[in-house]
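Input: one structure, supplied below.
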Amino acid sequence: MLSASPLPDYLVNRYYGWKATTYAKNESWYQHLAEMGQHPRAMVVSCCDSRVHVSSIFGADQGEFFIHRNVANLVPPYTPDGETHGTSASVEYAVTVLKVAHLIVLGHSNCGGVKGCYDMCSGDAPDLSRSSSFVGRWMELLRSRFDALPEGSEDSRLRELEHQAVLTSLRNLVTFPFVREAMEAGRLTLHGLWNDIGAGSLSCYDPQTREFSPI
Amino acid sequence: MLSASPLPDYLVNRYYGWKATTYAKNESWYQHLAEMGQHPRAMVVSCCDSRVHVSSIFGADQGEFFIHRNVANLVPPYTPDGETHGTSASVEYAVTVLKVAHLIVLGHSNCGGVKGCYDMCSGDAPDLSRSSSFVGRWMELLRSRFDALPEGSEDSRLRELEHQAVLTSLRNLVTFPFVREAMEAGRLTLHGLWNDIGAGSLSCYDPQTREFSPI
Amino acid sequence: MLSASPLPDYLVNRYYGWKATTYAKNESWYQHLAEMGQHPRAMVVSCCDSRVHVSSIFGADQGEFFIHRNVANLVPPYTPDGETHGTSASVEYAVTVLKVAHLIVLGHSNCGGVKGCYDMCSGDAPDLSRSSSFVGRWMELLRSRFDALPEGSEDSRLRELEHQAVLTSLRNLVTFPFVREAMEAGRLTLHGLWNDIGAGSLSCYDPQTREFSPI
Amino acid sequence: MLSASPLPDYLVNRYYGWKATTYAKNESWYQHLAEMGQHPRAMVVSCCDSRVHVSSIFGADQGEFFIHRNVANLVPPYTPDGETHGTSASVEYAVTVLKVAHLIVLGHSNCGGVKGCYDMCSGDAPDLSRSSSFVGRWMELLRSRFDALPEGSEDSRLRELEHQAVLTSLRNLVTFPFVREAMEAGRLTLHGLWNDIGAGSLSCYDPQTREFSPI
């Protein structure tokens, strides 16, 4: 028998509260969304981290952002090998079906996935180095960027690696033919952002200066 | 040169608004989260769909839910082949590092990914059948459930397949050794939910009745 | 011999019910809390009054609020005299150990402690005026606010004094060096609330208007 | 100007949810409580710890328990020196005004206050030993019990000290003349409980066996 438990009561109660307030006030919009389908303007790739909340930062309404969240906001390179690639499926759906106008990669400070990569590549996380570690194998996507990190304090190197996670995703995104086509047709732009959780600041990558600058 | 554009003005303006209001009012909490790390109670696996908004439904605060979002809220089976598996990495991080107490799979009505699976398996979506289609290969995870669908109207069969997407994830979750261990130690429970977007209703899977019942 | 009686049966029975239902459903979360420790976002100072229930009003889960409750939700001024100060110990633990982001003082209508202060200061409660009355000495913390009450009906003056109990606590909180330091570092904010029990309404103090306004 | 901030939005939203559901369904009871006053059957002294939730464990309704919460659920001895004693004020109000029938002291596992006492008395917490530490001075109430701890593992000694915190409160309660009088008149009983947070178990002190036994 399939294992599944009832929802904890505090969540049930909060759901009832939502239904009686937010839903009640927006019922026509939810019905509209159900009947007319979604037409988001942008896809956001962000981290699973519970402290990152793109809808809040951008005051986004239901229906605005198509959001994929994974560990460390990584997009792997185009690999059409007939295997299962969840992130690539999300990007393909957003670009070819929904035809979003923007692909936004949102990185953040204090990222546990990036820290794991840092420790693994430094030889300090044998667990992540095992071939059976999904987090380890996933963070391999960033190993070449670790190898290229400049000297510096661990803090500054970690921050740089968080930035590189965003840039790696941007770089990999253009290896997808449908992404490149949409960009060349002027239908799609890419954007690289990094959020400092404590300071609430947001930086945007500028290819001219090759730096993340505060917006 | 890496392709990256400035953020559209309307998002920049909204970010400024958020910084001056929500961030200003919650600065102390964001600093706490940055310094003390995240301690979420639950991981939620939900769809990238822009109309699904788990934080809103459950009145969740920053820091409460570790959220993975992919097409059709699917968790693939345990496959420790040393390859890149983004969803499995998210689950591993939540269960083994954050030690979340609940894994909640949240499906929803009008799911484009499930509709794609339905069309593909019905022979009506040749694009998705191509080996180069990431969405198609991803939705293969659900093909055996399509084959087992009962007779009925397309609407009822689609809804059933949306339910099956949730159950498939629950079934696959227990193939991960670290999920099973945490469950056996009483440290983790699984939960299957389905949200009707237009009606704002929420159903929870009950293994006794083998049905999704409104909560 | 120490005097202690068995728990009344009706409470034993309710505990059994809780164990078989709420605990059973949330076992994984309770184990998580036991192993991972508490990480509450806020400390709440509220009254012992059986009608005040902050967890319910805010849909709070176990683990969310560090709660100190005393008569009339009062925080005394900073008095580092090496004596025993229970309320100050609670505030110190919340701010310096748990590093909560918010200190919420929650007052309420029909407060027996505030009514006792009113009667005592009006000369109508000789019992409370005796030096041996703990309630009387505790409510002395509010006497200067009684002296400053505007003219009006007893009802309006009582309500004003309930508001002043909240403001007195807010005022005293900033006399604690560790509270002030955390506030200056942007790590802590103070909040003053007042709950009308019968009406179920909640007001929040606004320093600009110097009034409690409904939220 | 008094420092006070607006309530974080997520709490405002949850309050709206409570108002529209729990309050709406129980409005007549809340109005009754406001007009008729509180008539709780028991007073509970428990810890501020966010993981302890006596209302939940005993399925308590608004109006049932008069609850005092402080660090480590301690009641100091009777000290009628005309100074400010918050815990004593709570006990006095419950016994002499509300005439509760039961005084329940509820301790718990993983108690940070008790751990602090243990470390301080072991010489491992110089911060708590300073005369300016409110937590340290508060936990002095338990020092004599630390000195009397039997040999054993730290875990077993900590548990014993948590039990002793409950017994110390029971012992101090009978030093209050009004408590003793009510007990002698058969109007009041004392109860000592200890809750294991992870296991969800509850033990009750039995003066015959001098042990906490599971209920």
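Order as written gives the chain letters A, B, C and D; numbering starts at 1 within each chain.
In the analysis below, contacts are C-beta pairs under 8 Å (C-beta built on N, C-alpha and C of every residue); 3 or more make two chains touch, one makes a residue touch a chain.
For reference, the UniProt names are A, B, C, D = Carbonic anhydrase.
Every value quoted in this text rests on a predicted model; they were computed, and no experiment measured them.
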{"item": "Cα superposition of subunit A on its sequence copy subunit B - rotation in ° rounded to nearest 5", "value": "180"}
{"item": "Copy pair subunit A, subunit C: interface residue numbering same or different (half cut)", "value": "different"}
{"item": "Between the pairs B-D and C-D, the one where more C-beta pairs touch", "value": "C-D"}
{"item": "Whole-Å gap separating subunit C and subunit D, where each centre is the average of the chain's CA atoms", "value": "14"}
{"item": "Inter-chain centre distance, subunit B versus subunit D - centres from mean C-alpha coordinates, in Å", "value": "41"}
{"item": "Residues of subunit B whose C-beta touches two or more other chains", "value": "22, 25-27, 29, 31, 35, 59, 61, 63, 102, 189"}
{"item": "Complex contacts: residues of subunit A adjacent to subunit C", "value": "5-6, 8-10, 13-14, 17"}
{"item": "Complex contacts: residues of subunit B adjacent to subunit C", "value": "25-29, 31-32, 35-36, 39, 41, 59, 61, 63, 99-102, 182, 185-189"}
{"item": "Residue ranges of subunit C touching subunit A (in the complex, touch as defined)", "value": "22, 25-26, 29, 59-61"}
{"item": "Touch list for subunit A against partner subunit D, complex", "value": "13-14, 16-18, 20-22, 24"}
{"item": "Subunit D - residues contacting subunit C, complex", "value": "1-8, 11-12, 14-15, 17-19, 22-23, 27, 30-31, 33-35, 37-38, 40, 43, 48-51, 53, 55-60, 62-71, 74, 76, 80, 82-94, 97, 102, 104, 109-110, 112-113, 131-135, 137-141, 167, 170-171, 174, 183, 189-193, 196-202, 204-207, 215"}
